[in-house]
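Written below as structure tokens is the structure these notes are about.
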Amino acid sequence: MNKWPRIMELIVAFGLIVFKVALLIAILLLLPLPLTWLERKIAGHMQQRMGPMRVGWHGLLQPVADGIKLLTKEDHIPAEADRFLFKLAPILALAPPFVVFVAIPFGETISVRGTEITLYLSNMNVALLFVFAVIGIEVFGVIFGGWAANSKYAVLGSLRTCAQMISYEIPMGFAVIGVVMLAQSMSLLDIVRAQTDVWNIVYQPVGFFVFFVAGLAEAQRIPFDLAEAEGDLGAGFHTEYSGIRFAFFMVSEYVIVLLVSVLLVILFFGGWNGILVPMPPLLWFLLKVAFFVYLFIWFRFTFPRYRYDQLMAIGWKVLLPLSMANIIITGVLLGAAAAP
Amino acid sequence: MTAMEFLPVLVMVAGVVLVAGATLFVSSLLRPSNPYPEKNMPYECGMDAAGEAAAGRFRVPFFILAILLVVFDVETMFLFPWAVVLKDIGLVGYVEMFVFILLLLVGFAYAWLKGALEWEQ
Amino acid sequence: MVPLWWYIVLGVVLFVIGAAGVLIRRNILVVLMSLELLLNSVNINFIAFGHYYDDFRGQIFAIFVIAITAAEVAVALGILVALVRNKSTLKVDDVTMMKG
Amino acid sequence: MTAAALLQSVLASLPEIVVVTGACTLLILGQFVQKRQEHFLVWASVAIVLIAALATLMLAGEVRPAYTGMFVADRFAVFFKFVFYLATVLTFLLSRKYADIEGIGSSEYYVLLLFALSGMMIMASATDLMSIYVGLELVVLCTYVLTGFLRRERRSNEAALKYVILGAVSTGIFLYGVSLVYGLTGTTQLDAMAAAVTGGPLDPGLLLAVVFIVAGLVFKVGAVPFHMWVPDVYEGAPTTITAFMSVGPKAAGFAVILRVFLNPLVAASDVWIIVAVIAVVTMALGSFVALVQDNFKRLLAYSSIAHAGFAIFGVVAGGADGIASVMLYLLIYSFMNLGIFGIVTMMRNGDFSGEVIEDYAGLAKQHPGLALLMLLYLFSLAGIPPTAGFFAKFYVLAALVERGFVMLAVIAVLLSAVAAYFYIRIVMVIYMREPERTFDPALTPLVRATLAFTAAGTIGIGLFPSWFLRLAQHSAFGG
Amino acid sequence: MGLPLLSLIVFTPAAGAAVLMFLRSDAAVRWVALGVTVLDLALCIAMLAGFDTTTHAMQFTETRQWVPAFGINYALGIDGISALFVFLTALLGSTCVLASWVAIDRKVKEFMVSLLAMEALMLGVFCALDLFLFYVFWEAMLIPMYLIIGVWGGDGRVYAAFKFFLYTLAGSVLFLVGIIVLYFNGGETFDILALTAQDLPFGVQSWLFFAFLVAFAVKVPMVPVHTWLPHAHVQAPTAGSIILAGVLLKMGAYGFLRFSLPMLPDASVYFSTLMLSLSALAIVYGGLLALAQDDLKKLVAYSSISHMGFVTMGLFALNLRGLEGGILQMFNHGVTTGALFLFVGLIYERTHTRSIADYGGMMKAAPVYTAFLALFILSSMALPGTNSFVGELLVLSGGFSANLAVGAAAVLGALLGAAYLLGMYGKVALGPASVSARFKIRDVNAREIAAILSLTVFVLWVGLYPKPFLNIIDASAKHLLAQVHGEESGP
């Protein structure tokens, strides 16, 4: 009759999962608020101005105001739109980045009142593939959104975004292969563990470069934010969206920025492994992520936007060959290292 | 256990959809709804919409891109497992994948030479 | 554990849906999607059987199927584009010119 | 797999490697070929095939299993490979002028043909359902594109699209059968499959699986019930490609069917009944529907269906002689069909399409030589001695009767008598009608050479079948 | 025996055809063709001169391996049965060339090539000692014959050619299956003599008998499957008709003689009544149809059906008189009907009409022509003193002893023959001179007389002194009969 303890155990495990998920969703949903504020502030200071100042101390409550505005704004659907797809698209765009975080480890374990709690939801052996697979779904949100609106700017924007995302997905995928070769695993946990001594950035500078640039493009950040180039496309695929549905796209974009930063840290910068300064691993991790997030914001106000054909050329003609060469050379070097 | 690895995914999907739905619901309670034909017209910088939106859907470069993606994505599919076990399968595995990549490079070079990567004609 | 025959039933159902889609639907894109379904039913079979036998062949086969199907779809789309440029329609019935 | 085994495998598959490497090289080099230098492409392609043929010959001495039992280089494969080489080289020779006229003379055309060739070679050598599948897809992918190569031509687009969709369905069916076989036996290797179920009574599930596989393969050879693509594709595709497809991939399909049927697992089952029905219905359909065709390419498509039916009779017969008879049939069919298609291809010149049978009215008046050649090919297709087509049919019939399928033999000959009707109808048009226009066939030296070669084969094998017969029998046993 | 005489005979026309392809002028083509056929005829005469009439064994045999895997040989040889037909073929070959000297005025070269190819193949059929080889020759004949009818024939030629082709093809494909079945049941050989020696079970025999029957009956033609013949004969050019009537029809009967009777003796005996009835039917039905014709060629064509009925009746009477009569009658029919078609052709060249009603009073306009015509008409009626009399008498006596009713029907047929032939002659040759009123008729010239005379010789020779011919047949016929009735006869 030791059935009951087993079931209790399962319930506890499940409860833990639900708790972690809820926490993750909460954090990820709220994070865009400070991030938008930060972005505008940084932009302001870089451009010798103050940024938002009115709502709250130094405009701290500005994002909250924005949120309320989006929540209460009229939700308008164009007359000729495919209503079902139009409504589906924002959710389809919102969900994938959140789901990806299931596979992301933030550290090994922490101890809460004597119980070891893992700092990740799931340690998949194919985590990396999972990440790419789920991120791939993001494209559908974009393309459905643009398509369903039945507006020229939206269609063009969605096609462009789609093309851009799939173009950069390839070098991104290739860039990671070097990392997998080193770690001999697709589990992100294993990949981080493999970097205990030396971070991958040392062995894989090219891979990092490719991943970083591709990541910028995947996140649709300047200099690659062609999709919503206000100058020529209105607002790209979400031209026709307003209100809360538009907010979903926004949130999704910020979560992706966060995600790319997290991945960069895990894949190339040793994850929670620290150097020199002893600090809790989680702190190390968050600091590194913060650095990359800042980098992304910084770039936004530093670089001009590329032309669309330049964007494609960079993806296909520079990054892809680079990443392929990276794989071949990594293989050779690995072989040379393994040889007696 | 596989189940324990992917259960969180399910929970997460459910969670996100729930949250999104709830937000939408709350918003629908708060927001006004006042559509009229002019408002419902697709945005075209204030001009009346001209022509079909679908006209742009069949631009060939997008298709070429899609096809290229398919090819390389599939290659990635082969590369990942290979990368994991590369150290175990040794030289033979390396050579085989090298041939594979080479073949893809030929295709890639062909596409490049053919001008498939040039966005503007 | 999920029993093997669940997978097989799933495979059969997908196969039937795919086949029916190919036969019944008149939009070429939908037909192509149905084809994917058809081929994915095969993949499910392969992976289920591979798992059952604890044999890697099933998975390999599935990967091959995915890869080759991708190529096939690429070709199909290319041909479709050529067709649409000559006559803009996606209806199967509108395409037919040759008979007999 | 060790490095040594890999080396052995590479050696065994040297011809395939030659073709693939050559095709890749040509793909890249082709981008640098200037206009008006396209003959380089033809000769380079021919050279690649010849080198592969040389390699095949050098390796023909022994049976070489390769790639952990997925591939084998044996005499059976060698025989088929030579049929493929023949088909491909002759197609190259025919293509030069035709491609100019149709404006499709790009390097891709030749490269795709080479890739299709490599796919067919893999099919002939494959001993695992997986490698069969890969080879098969390599062929059909190339032929899909080649079918739609006349991009500005609606019929070509349409044919290609139909071909892709139906081809994918048949592939799906084939794969489903393969997955069932894998599920029931736990392997995809042809040899191991048989070993996995020896002793036990034949599982109905397995029979179902085999039926699915057969159904998928039947598509590739254009037999009922998956024949409906054939006429449209043959009509829509560029004529040279039609010629190629009617011979090469079809032979490759038969190579696979024979491999699968060599397998005792299948041979022991009752699947031959289904195959026999397929053969009868295929031949009947091909023969009868061809009677009412006005388009020459379409007629040849139905003729090709009918011939596939006849060859399937050889498969039904089974046994060494049955296999050899199918092989010989395909070899002979290659000669005569490429010959007739060579003429159809050649007639395409200027504004003359050469596709309607009526176009050929009175050809004998102006070009007695060409008319005589057509007469030869047509009578060979009809199976009238002393042409090779007769001997091909004779051998299949002999194999059938030897196994006791006399009734099938009777049906086969009666249907071939029906088929003879539309062949001689064309002869009638050529010889017994007054010409309505002047013909201006594109008779380049290459085309002449092709026609001479196919004619020599058609009449030569007819008069002296002995050597070829021995070759086929010898190769059938080499498995 | 150093010289492969039979191969020479068979391939001389083929070689001639090949030579013709390179000639340019029509005149040269005609002369070379004539030369080749005459040379071939000479070879045949030489062959007959060296023919040993005392044995039934195959003579002038030659054997070469052809397809060893199937035991197929290139084997030629003749016995008493085939010798006559080889000769007849060669004889009619030169007649045909003469007959088409001016009748064929377009594509002369192609025509002569077809004609010579045809001759070669026909000779091959009669000489072949290998079943497979036989079939190849047999079937290959379709090609040139199809062209001869279809390209150089009359207005309805296309339909006629089609019908001819399909009937014969449909017949012979079953024959092919029969051959293959025979091969596997008869000890895996295609050697005709070896197959003859086999003793097959009755079941197999009867199936094969019907398979063969279809092929041979179409060629003969026997009544239910005769409908191709009137069309083919009417539409074919003169030479084509001569070949059809003179040789091609004989092939069916020859097939019975060579295969059905000796290889399938039990079935032949068993089904002989059926065959006799069919023959009688053909005799009467053909005669009646001929009586109703007003087209010269059609009349002769239907008369052929009737006459071939006599032949098959003789063969399936299964007694010596019937057999010898049948064989002789085949030869006679070849000569006589060939000549009749020649006559029709000659007159058609002049008037371009074949309707009997258009003619009359030919006696005045073309006395020589009419005189010869009378001779051949009489021959066709089997008047004593002509060749057919001998043959028909033998057949009738054989037929009566086999089956009284059938014999009676045959007599009725003979009477019908007299009726339509005399009626035709009366309308054409006698009566008011309507022809000369409308056409300028010239009498036959030297070339035409040469053609006619070559046939006339045999009408009279066989009619007055049939012994040499019967001698040739005798030994083989006796041996054949012994085989049918299951007895061994001496060499």
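To keep things simple, chains are lettered A, B, C, D and E as they appear, and every chain counts its residues starting from 1.
Definition applied: a residue touches a chain if its C-beta (ideal position, glycine included) is under 8 Å from a C-beta of that chain, and two chains touch if they have at least 3 such contacts.
Chains and their UniProt names: A = NADH-quinone oxidoreductase subunit H 2; B = NADH-quinone oxidoreductase subunit A; C = NADH-quinone oxidoreductase subunit K 2; D = NADH-quinone oxidoreductase subunit N; E = NADH-ubiquinone oxidoreductase chain M protein.
From a predicted model like this one, the values you see are computed outputs, not experimental measurements.
Listed by label, the chains touching chain A and chain D alike are B. Hopping across touching chains, the smallest step count from chain B to chain D is 1. Of all chains, E has its CA centroid at the greatest distance from the CA centroid of chain C.
When chain centres are set by their Cα atoms, the one at the greatest distance from chain B is E.
Inter-chain contacts peak for the pair A-B, counting C-beta pairs in contact.
Averaging Cα coordinates per chain and for the whole protein, the chain whose average falls nearest the overall one is D.
Between chain B and chain C the centroid-to-centroid distance comes to 19 Å (mean Cα coordinates, whole Å). Our note on geometry: chain C versus chain D, Cα centroid distance of 26 Å, whole angstroms.
Separating the CA-averaged centres of chain D and chain E is a span of 43 Å. Separating the CA-averaged centres of chain A and chain B is a span of 14 Å. Of all residues in chain B, those that touch two or more other chains are 66, 73, 91.
Applying the touch criterion to all chain pairs gives A-B, B-C, B-D, C-D, D-E. Taken together, the chain D residues at the contact with chain B in this complex read 1-3, 6, 20, 24, 27-28, 31.
Interface of chain B with chain D (complex): residues 91-92, 95-96, 103, 106, 109-110, 113-114.
By the touch rule above, chain C contacts chain B in their complex via residues 63, 66-67, 70-71, 73-74, 77-78, 81, 84-85, 88.
Residues 8, 11, 15, 18-19, 22, 28, 31-32, 35, 38-39, 41-42, 45-46, 48-50, 52-53, 55, 57-58, 60-61, 64-65, 68-69, 71-72, 75-76, 78-80, 82-83, 86-87, 95-98, 100 of chain C are the ones that touch chain D when the two sit in their complex.
Those residues of chain D that touch chain C in the shared complex are 130, 133-134, 137, 141, 144-145, 148, 151-152, 154-155, 157-162, 164-165, 167-169, 171-172, 175-176, 178-180, 182-183, 186-188, 231-232, 235-236, 289, 292-293, 295, 298.
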